[in-house]
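Just below is one structure, and these are the notes that go with it.
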Amino acid sequence: SSGSSPLDAGSTSTGSAAAGTIVIGSQSYYSNEIIAEIYAQALEANGQTVTRKFNIGQRDAYLPALASGEVTLFPEYSGNLLQFYDKSTAAVSADDVYAALKTAVPANLEVLEQSAAADQDSYNVTKAFADANGVTSIADLAKVSNVTLGGNAELATRPYGPPGLLSTYNVTVGFTPIDDSAGPLTLKALLDNTIQVANIYSADPSIGENNLVTLTDPKNLFLASNVVPLINKDAATPEVTDVINKVDAALTTEDLVKMNGESTTDQKSSADIAKEWLDGKKLF
Amino acid sequence: MIEFRTVTKQFPDGTVAVDALDLVIPARQTTVLVGSSGSGKTTILRMINRMVDKTSGDIEIDGEDIYSLNPVKLRRSIGYVMQNSGLLPHRKVVDNVATVPMLNGVKKADAREAALTLLDTVGLDRQLAERYPSQLSGGQQQRVGVARGLAADPNILLMDEPFGAVDPIVRAELQQELVRIQRELGKTIVFVTHDIDEAFLLGDQVVLLEKGGRIAQAGTPADILSKPASDFVATFIGADRGRRALRVEVVNGRSVVVDEDGRPTGVLQS
Amino acid sequence: MNWVVNNLGLIWSLTLDHIALAVPPIILGFLISIPIGWVANRYHASRGVLLTISGLLYTVPSLPLFIALPAILGTGILDPVNVVVGLTIYAVALMVRSVADALAAVDSGVRQAATAMGYSGWQGFWQVEFPLAGPVLLAGLRVVSVSTVSLVSIGSVIGVSSLGYLFLNGLQRNIVAEVISGIVATLVIAIVFDLILVAVGRILLPWAKADPSARQTRRRTAERALTGTVTS
Amino acid sequence: MNLFLDGIAWIFDPAHLNGPGGIWVRIGEQLSYTFGAVALAAIIAIPLGLWIGHTGRGRDVAVLTSGGLRALPSLGLLIIFALAIGIGFKAPLLAFVILAIPSLLSGAYAGVEAVDRRTVDAARAQGMTEWQVLTKVELPLGLPLLIGGIRSGVLQVVATATLAYFASGGALGVFINDGLKTRDYAELIGASIIVTVLALLLEGIFALLQRLFVPRGVTAGRISDVRSRPLRPRAVVGSPIQEGK
Amino acid sequence: MIEFRTVTKQFPDGTVAVDALDLVIPARQTTVLVGSSGSGKTTILRMINRMVDKTSGDIEIDGEDIYSLNPVKLRRSIGYVMQNSGLLPHRKVVDNVATVPMLNGVKKADAREAALTLLDTVGLDRQLAERYPSQLSGGQQQRVGVARGLAADPNILLMDEPFGAVDPIVRAELQQELVRIQRELGKTIVFVTHDIDEAFLLGDQVVLLEKGGRIAQAGTPADILSKPASDFVATFIGADRGRRALRVEVVNGRSVVVDEDGRPTGVLQS
């Protein structure tokens, strides 16, 4: 809707990282930060110089930074990224999404090999709610009235948010924005029944810990979203891409859930978690 | 009559401002406390209306111990006039004067009516009644202060350097005015100043204080002037600087009274 | 508590980031405010306009300001300069009034005495008015310091590293100790800055301690600064 | 400039103005936080401040505490409260109450303290009780600074209430956050303009109130009294009033 | 010698503070300007060192038009002492005194050395040199003010109510001190006061001013006292209030001089 964007305006100037230094960014989402930390430590183990610029908010903030070269490497999620560039994409499966993504990214960026590890949006309800209303799939929500969905503010306008629910499943929901990336506030609201459905990333350990029921998505409202590195082409030397591809090949969804749990429950730092994972996999 | 019997005041920080003071202040006369800065004048004055609490000794008004009275009531029955008038800046002149009677329960209309009469007494134009204190000159403010002090028709009027901040000419006027008012009303006035000329001018009794509220000399002005009790008194009243040691010189055919340095102070009437 | 012990390194490095973001706005804000405040005090007609404009700057919410600045300055989005400039704007907004008040509070008698002694205008300003405005300036600077230190956190929302990271990250991970450690560290920085400013004041303004009347004006004016149009 | 115009256009789009979650509702929330928080803070801080100012007791503690409260980052507080209470309006309100307290507290005690001690002394000497001294002298004369404190508190909260969205507490921050996350810069700028205009309006209202509540005949609390301080207490100079001769 | 020739000062707001003043201030003597508040004393004084710029007329010092000089240099060559001393609160006493010589380019050490000597001249203990002004009493501050006024060894010393804010006893001391200093140094002193007693005490020439800087009478104290030129002068010097109309009464065997109201003012020396 807007003519010019202040964020784009910055993209032409300044900030290109010093030659030979990889600037790794991360979302302000702890799980994403863990993956970024894994990338960073893996590259450092292979003799690269790394600068960490973690915690850079949402795509709208960091994608221009990638384009301008302020940041050169970023752990991304294939489905969400594709939807960012192409709101009307028809791709659904992991492979289709990945293929579409390769052509959707701007010219000076590219995606490396995608990982098998997936972390995608998913709708979850409490066990009690599922049992009481006989709900197991998103489509079943149509039977229940007065359902409120909770999730980050941007969900309100995402294709898989309330508008998508209506158009794909004919489900009408209220919406409460809770901006903690499916953190404790969202969870508490769900458990308190302030909201009935929560958008929680599939690799979030709280789903298992709280016995939540993840609603199935027969009509593929959500795209597959696998971990995929987004890199500025200037930085994509073979020394870098080989290392990152190797890491991604070893990363699994179970690893993600486990590591996320270590971060929230055991309160370990992302650096420690990343180091343990790398040590465990013995990649280098 | 106000009586101090071995009254001592020690402030919490240890300063003994008044040390074993014995003093009788006769009724219906003006007693002036005079002394240099820090000699305890204000402290003595404020012990009379319990704005300062004595440390030991007895203070009686007409034979009644003031510590048997409620301090707020006591204050309402004693007029108080201070330097810079202490008027309430957010109340009009007339309301300032009417304050104490109203605290005492007089109806507003009556108190204001009485206040206007008091403005006459202190020589202020009634037109000024509706002004705020900041709209008056310093001298006018002091007059309002005096009117306020008199408003509850108290027997006792305490005045703490009431004319200290005004210009000498206005000051002289106010002094004359006070003399007149006192002639009419005959209050028990306790007046504090550090100006010995003012003390001699206004006081029926002058009490000359040294540090610690010690009385250096007390008596009528003529007594003190003619028989200074000590070197301190002589210094204070200016005898040693030759200001009080006068002689007569003839200038332009008139007898000019000059001090020891030859500075003229007045003209002798024949 | 365990979290704090295990993450002292992180807290420390974020504290350094926080300090690095807070110091330049405080100093720049002070330097920029001096000429503006001087004009506001010197030319009565300009006073209202200048103070209103600076007051207006302060009502701009910080987050959008940080986001809009790259477009205005041509800086990168993640450039800490955005936060520094944004906070400098707030610092100026607060400080201009303090400078104007501080200069106005200089005893006009002393100012006249200086002229009478033969100080030229420039000399008089730097050797008499400015140092005498010192105590009130310092009081204003202390307000600016506290306000800046507490505002830096907002920069974390747009990805500029500071103690604010601990708030957002602690929120996602539900680690209360992390959020609290961020608050405490912010508080500590504010207190340390304040102590430093007070100490600098003691050194540069030895006379102020001896001057009770100056202390009172200083207090009055400082409180006026706090209860005036100042927001944080 | 373009962005600015887009922002204005965004504001006046009827689709944005009305309905649940529309601009009017958010403005209502923003103002509810503002007045709610300041009212609660006033209940705590004003009596305390008046007591401190009147008795002179606890002043140092008050200065320290309000200084410390000022240094607390609102974002951190809000998050702590949200983690403890959950989403909704309570956590932000609590954080904003704490934000408003220092201004109100210092406004109250500075107001009372700024009253000329001689005036207070004279009032007491005339036989006013302590309560009368407080309510008839110190409070009216301290009102300009007290209102200044309230004004400052209101402005701080109105500008900071945009953070309420962190605890799903609504208010205009919802638009700012939304605009940021969905790259709708018209929304972002539009909401910021509304916040700024609200702050300015409140500032204007309070400036007026402050002027209104300066007791007539008093200039305390106005800046001009610093400028035109005479060299010494003196009988009026250059005033049209003649000495009554 | 300082000469005013039909000098007028009108302030931007329209107030005519000084209206066509003609005045000669002789060299090496003390000239006192006296008058009530707002009569233009300060304005006249400040026109001499161009702190206030004249609107019209001529002002000459020793025949030289002061408007041909650089105002900053002019001020450095004229001593100025004001009420409340006007000391720089952020400089130590000795540095305050040394300021003007240092502005004139004297080396710091020399200026400080000279300043210490000046403290002796004005009767101040050298130990006070390292204090800040606020750590001195009002009277001590005024002494420092005088020392500072003398520091550049100016021919002219302007004094604007220098003793107006101190307690009468200290004031009397300072007046005596000034008389002594002037006897030693013989400067051209222009002294402003609104206290007629002070004017008579200090002035070789007294200039009595009415509103608008109009001269009501100028002459020696004895002249003015014995032959007031107008009712205004008579009122101002107190003749009409009987303060200057003295007679002699005998009290305690001594001849006490009393005023018209019978208030004693001194004792006649036999």
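As written, the chains take the letters A, B, C, D and E, and residue 1 is the first residue of each chain.
Here is the rule we go by: a residue touches a chain if its C-beta (ideal position, glycine included) is under 8 Å from a C-beta of that chain, and two chains touch if they have at least 3 such contacts.
Per UniProt, the chains are B, E = ABC-type quaternary amine transporter; C = ABC transporter permease; D = Glycine/betaine ABC transporter permease.
Nothing here was measured: the structure is a model prediction, and the numbers come from that model.
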Co-neighbours of subunit B and subunit A - touch as defined: D
Far-end chain from subunit B, centres as C-alpha averages: A
Maximum centroid distance from subunit E, chain identifier (CA atoms): A
Whole-Å separation of chain centres (CA-atom averages), subunit C (ABC transporter permease) against subunit E: 46
Centre distance in Å when subunit A and subunit D are each reduced to the mean of their C-alpha atoms: 42
Chain centre separation (subunit B, subunit C (ABC transporter permease); CA means) in Å: 51
Subunit B and subunit E: spacing of chain centres that average the CA atoms, whole Å: 30
Touching two or more other chains - residues of subunit D: 3, 82-83, 166, 180, 231, 234-236
Sites on subunit A at which at least two other chains make contact: 4-7, 57, 61, 180, 184-185
Set of subunit B residues in contact with two or more other chains: 167
Residue numbers on subunit E that touch subunit C (ABC transporter permease), as the complex places them: 46, 49, 51, 72-77, 80, 82-91, 99-100, 103-104, 131-132, 134-135, 148, 158
Touching residues on subunit B, where the partner in the complex is subunit E: 36-37, 167-169, 172, 176, 179, 194-197, 200-201, 221-223, 225-227, 236, 238-239, 241, 243-249, 251-254, 256-257, 259, 261, 263-269
Subunit C (ABC transporter permease)-touching residues of subunit D, taken from the complex the two chains share: 3, 67-68, 70-77, 79-80, 82-84, 102-103, 106-107, 110-111, 114, 145, 148-149, 151-152, 155-156, 159, 162, 166, 173, 176, 180, 188-189, 191-192, 195-196, 199-200, 203, 221, 223, 226-227, 229, 231
Residues of subunit C (ABC transporter permease) touching subunit A in the complex: 2-3, 6-7, 10, 67-72, 74-79, 156-159, 161, 165, 168-169, 171-175, 177-178
Complex contact set, residues of subunit D against subunit B: 116, 118-119, 121-129, 132, 136-137, 140-141, 215-220, 233-236, 239, 241-245
